[in-house]
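You will see chain A twice below: alongside chain B first, and alongside chain C after that.
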Partner chain A sequence: MKKLINDPKDVVAEALAGMELAHPELVISHDPAFIARRDAPVQGKVGLVSGGGSGHEPLHGGFVGPGMLDAAVPGPVFTSPTPDPILAATKAVDGGAGVLHIVKNYTGDVLNFETAADLADAEGIRVRSVIVNDDVAVKDSLYTAGRRGVAGTVLVEKIAGAAAERGDDLDAVAAIAQRVNDNVRSMGVALTSGIVPHAGEPSFTLAEDEIEIGIGIHGEPGRERISLEPADAIVDRILRPILEDLPFSSGDQVVLLVNGMGGTPLVELYVAFRRAAEVLQEAGITVARSLVGNYTTSLEMQGFSLTVLKLDDELTALYDAPVQTAALRWGR
Partner chain B sequence: MKKLINDPKDVVAEALAGMELAHPELVISHDPAFIARRDAPVQGKVGLVSGGGSGHEPLHGGFVGPGMLDAAVPGPVFTSPTPDPILAATKAVDGGAGVLHIVKNYTGDVLNFETAADLADAEGIRVRSVIVNDDVAVKDSLYTAGRRGVAGTVLVEKIAGAAAERGDDLDAVAAIAQRVNDNVRSMGVALTSGIVPHAGEPSFTLAEDEIEIGIGIHGEPGRERISLEPADAIVDRILRPILEDLPFSSGDQVVLLVNGMGGTPLVELYVAFRRAAEVLQEAGITVARSLVGNYTTSLEMQGFSLTVLKLDDELTALYDAPVQTAALRWGR
Partner chain C sequence: MGLDTAWARAWVSRSAEVVSEHKTELITLDREIGDGDHGENLDRGFTAVLAKLDDLPAEARPGDVLKLVATTLISTVGGASGPLYGTAYLKGAQAVADADSLDADAVVAFLTAARDGVVLRGKAEVGDKTMIDAWTPAVDAASAAAQSGAGGAEVLSVAAEAAERGAETTDALVARKGRASYLGERAIGHRDPGAVSTALLLRAAADTASAS
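Let's look at the complex of A and B:
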């Protein structure tokens, strides 16, 4: 294993310390571990909390700030945070208007966020939860009942964050988050595996000419292993099930996110973006907004995922609203 | 070789096509190949052109836009663009106030930008050039006489771009760019090699427990190969020569850039940032501004570089000025 780490057990804590030093606009709580925007709680604003296992950076800590999350709770690598830090983050960002939990659909995350929500409720904080399950690859995977939550989570966090920022109440913000989830679909591919620090070896192995279609962001099995194909063929292979699933159709306006899994050169992500955008164009679907880069990673995994979100006027306006986070930033 | 590409010879052209589809705020010229901001030429503003071999993305195309570059010229992977596209980009962005070329110090780039500058001059466009050579690792490396230009280039482009945007004339913008170069130092480390698409195999090989200190962004040899060490020890090893070189000293205000080489997980870059910031603090040096992420890459190389820029009030204000590019974005 070659990794840029010290003791494997310290990776998450040391990375948090790094975030604290790099981003003075964030407040870092070390024990319990969570990341919050400096001005939290914002009085009268719905608070947004997400979190999950570490190793998917910039998800979620890179998306904390005005216009997106109020707090993120990082668990150990690929392991859900326990209810305690989730509860602490929830209390830290409650400005009296309640808190929305945005939870990727993994059994541990769902359970721990649910427990934290119950505990917060007992302390008089109203919590609603939205479960993100955008991955069309498989159902009832390792760690998951139902579909997995993957890179579509970034769009749920961005758009719900904008709704909270404009003053929507808790039910309205939850409804917007649910609407994004209902309209977003994703699928990924792995060329290589990531290496969990405390495991010290790849989570799975692929032959030298083999790739995995439908990979999960923890290296969970996908749909099939096939021989390496040209990028265009791979894009076609994962874009089709995405489009058929919603289904997307001619006339739709979409966000197209080409997400790197952590170890893929950006120049290659643009090659994949090109093909995906062309296929959408041919289907009469307009790529109204684009994101290309590492947004929801799996450590150093080489590979990528495609995420397509069907927009409407309101979702577009919320997507375009200003955001100021470490990893996503636009507007004033 | 596992890469997300089609034909290796099409990678750069297809990635450019991807950028065109993803970023409508850019204008892409395909033949000759360059990327320009949509409103170029901006009348009365000094134009900024950079470029070099592809494979370092987001450098340089990701830094085209208001507040930074007017155009970027991508050559083949790890190979300088020829004078023709550099000349074409120079003409495309000249708004009557002349054009600054920002050139990383590699023999091919220096020669080709020089030729393009002479040709532009013959057409009545005034061109000045700044050579970036921030890498303290080695002198007279493969491809380079003198020191190499690496991730410090991003800071030269950002700060000179802000100077041009506020209306400085060509000599003043060139002087600012030179001042950034004079005050910035970098050094990198490789854990693994990148794979040039048309080569199809790693540019160099390291043993399973070996890393290369002082690596170049094309995989050129550094100072030494050593056994893998904890992240903190590696950071100490490359930060010391950076600090001694300028030298930086107690009381300095700096930008600290922890740059991923393309294949390193973000969580690990934050581990490295933590240590680098701590060492600077102990030396009485204030980390006034921070960047953590993939800014100047070497394809899928695992590794990172540290860049430290000594700030003064003017450089700080220019660093903070708004920028709107695909890969670097803040302010309005």
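Let's look at the complex of A and C:
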């Protein structure tokens, strides 16, 4: 294992210390660990809290700031945070209008956020939760933990954050977040595995010429393993199930997010974007907004995911609204 | 002696040792069908419990020790196993809160409440390839042993054995809960790490009970 770390057990804490120094517009609480915008709690505004295991940066800490999250709660690498820091973050950002929890659909995250929401409720803070489950690679049935939350989470956080910033109440912000989740679909591919620092070995192994279609952001298996193909063929393989799932249709306006998993260069992400945009155009779907880059990573995994969100006028306006975070900033 | 507070403390210490000894095994099992953090998380949790044991007042009852385990696991473990084990110890502790020492019936009450707590949080059933595949056989075996007149230590020993066999049965199962459920048929042939850790913890309970 070759990693830019000091001690595996210090990775998350030292990264937080780094964020604190690099981004004076953020407030970092070290114990319990959470990242909040400096002006939190914003009186009268719904607070947005997300979080989950570390190793997916910039998700979620890179998305804390005006127009997006009020706080992010980082757990250990690939492990959900416990209820205490989630509760502490929830209390820190409650400006009297209640708090929305944005939770990726993993058993651990859901259980810990649920427990924290119960505790916050007992302290008189109104909490609503939206579960993000945009990954079409997993069959959604009674017999699995359900679809996973992946890069679509970034769009839920961006758009719900804009709704909170314009003054929507808690139920309205939750409804917007739910609407984004209902209209967003994603799927990913791995070329190599990430290495969890304290595990010290790859989470899974792929042969030199093998790729995993439908990979999860913790290296969970996807739909199938196949031999490496040209980029265009890989894009086609994951874009088709995304489009069929919603389904997206001719005339739709969409956000197209080509997300790097951490170890794939931007130049390759643009190669993938080119093909994805081409396929969408052929299907009569307009790419109204686009994002290309590392937004929801899986440590140093080589790979990428595609996320498509169907827009309407309101979602487009909220997407375009100003945002000022470490990893996403535009407008104003 | 019996299963008193000294036993509960000994169980915690032995649990911390056992989890530490099996940390790598649990990580490996979890990496195969989950996300590879189970051994690390449980080890962190029981290390934290161990550090807090000395803070308990001298008059603490077994239930107080078990409650300390619960709250510490909830606040230190994370993942799914933190809330699940935390709830198990919390509900179990409540079931024996007034006892100065646990007889066979109290052991059964503890195990039953703990298992019901895990079901309440995780909503898994027997056959879903989760820790319930260890908990439920343990509860059933413990209950049968208590009815036929076994003592508390014997009941725990029977429960540990049933949990170990239960963990083995998860090899053949497709997972329906947790991260392993994403694997479908590919989970077959792998043992569920949560069921294995449950069996380890119950074995620690039985070993310390027969020594006390």
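The rule is simple: the second predicted complex is superposed on the first by the 326 of 332 C-alpha atoms of A that agree within 3 Å, B and C clash if a C-alpha of one lies under 4 Å from a C-alpha of the other, contacts with A are read in each partner's own complex, and residues count from 1 in each chain.
The rule is short, and it goes like this: a residue touches a chain if its C-beta (ideal position, glycine included) is under 8 Å from a C-beta of that chain, and two chains touch if they have at least 3 such contacts.
Predicted, not measured: the structure shown is a model, and the values here were computed from it.
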item: Touching partner for A:L170 - first (chain B), second (chain C), both, neither; value: neither
item: First, second, both or neither for A:L246, with chain B first and chain C second; value: neither
item: Touching partner for A:V279 - first (chain B), second (chain C), both, neither; value: neither
item: Most chain A residues touched (candidates chain B, chain C); value: B
item: Contacts of A:A145 with chain B and chain C, given as first, second, both or neither; value: second
item: Partner chain in contact with A:L111 - chain B first, chain C second, else both or neither; value: second
item: First, second, both or neither for A:E300, with chain B first and chain C second; value: first
item: Chain B and chain C footprints on chain A, overlapping residues; value: 77
item: Touch list for chain B against partner chain A, complex; value: 2-7, 11-12, 14-19, 21-23, 54-55, 57-58, 62, 77, 191-192, 194, 208-209, 211, 228, 230-232, 234, 256, 262-274, 277-278, 287, 290, 292-294, 297, 299-300, 302-304, 326-327, 329-332
item: Complex contacts: residues of chain A adjacent to chain C; value: 75-84, 106-108, 111-112, 114-115, 138, 143-145, 148, 196, 198-199, 201, 203-204, 216, 218-221
item: Sites on chain C touched by chain A in the complex; value: 27, 31, 35-37, 40-41, 74-84, 121-122, 176-179, 181-183, 186
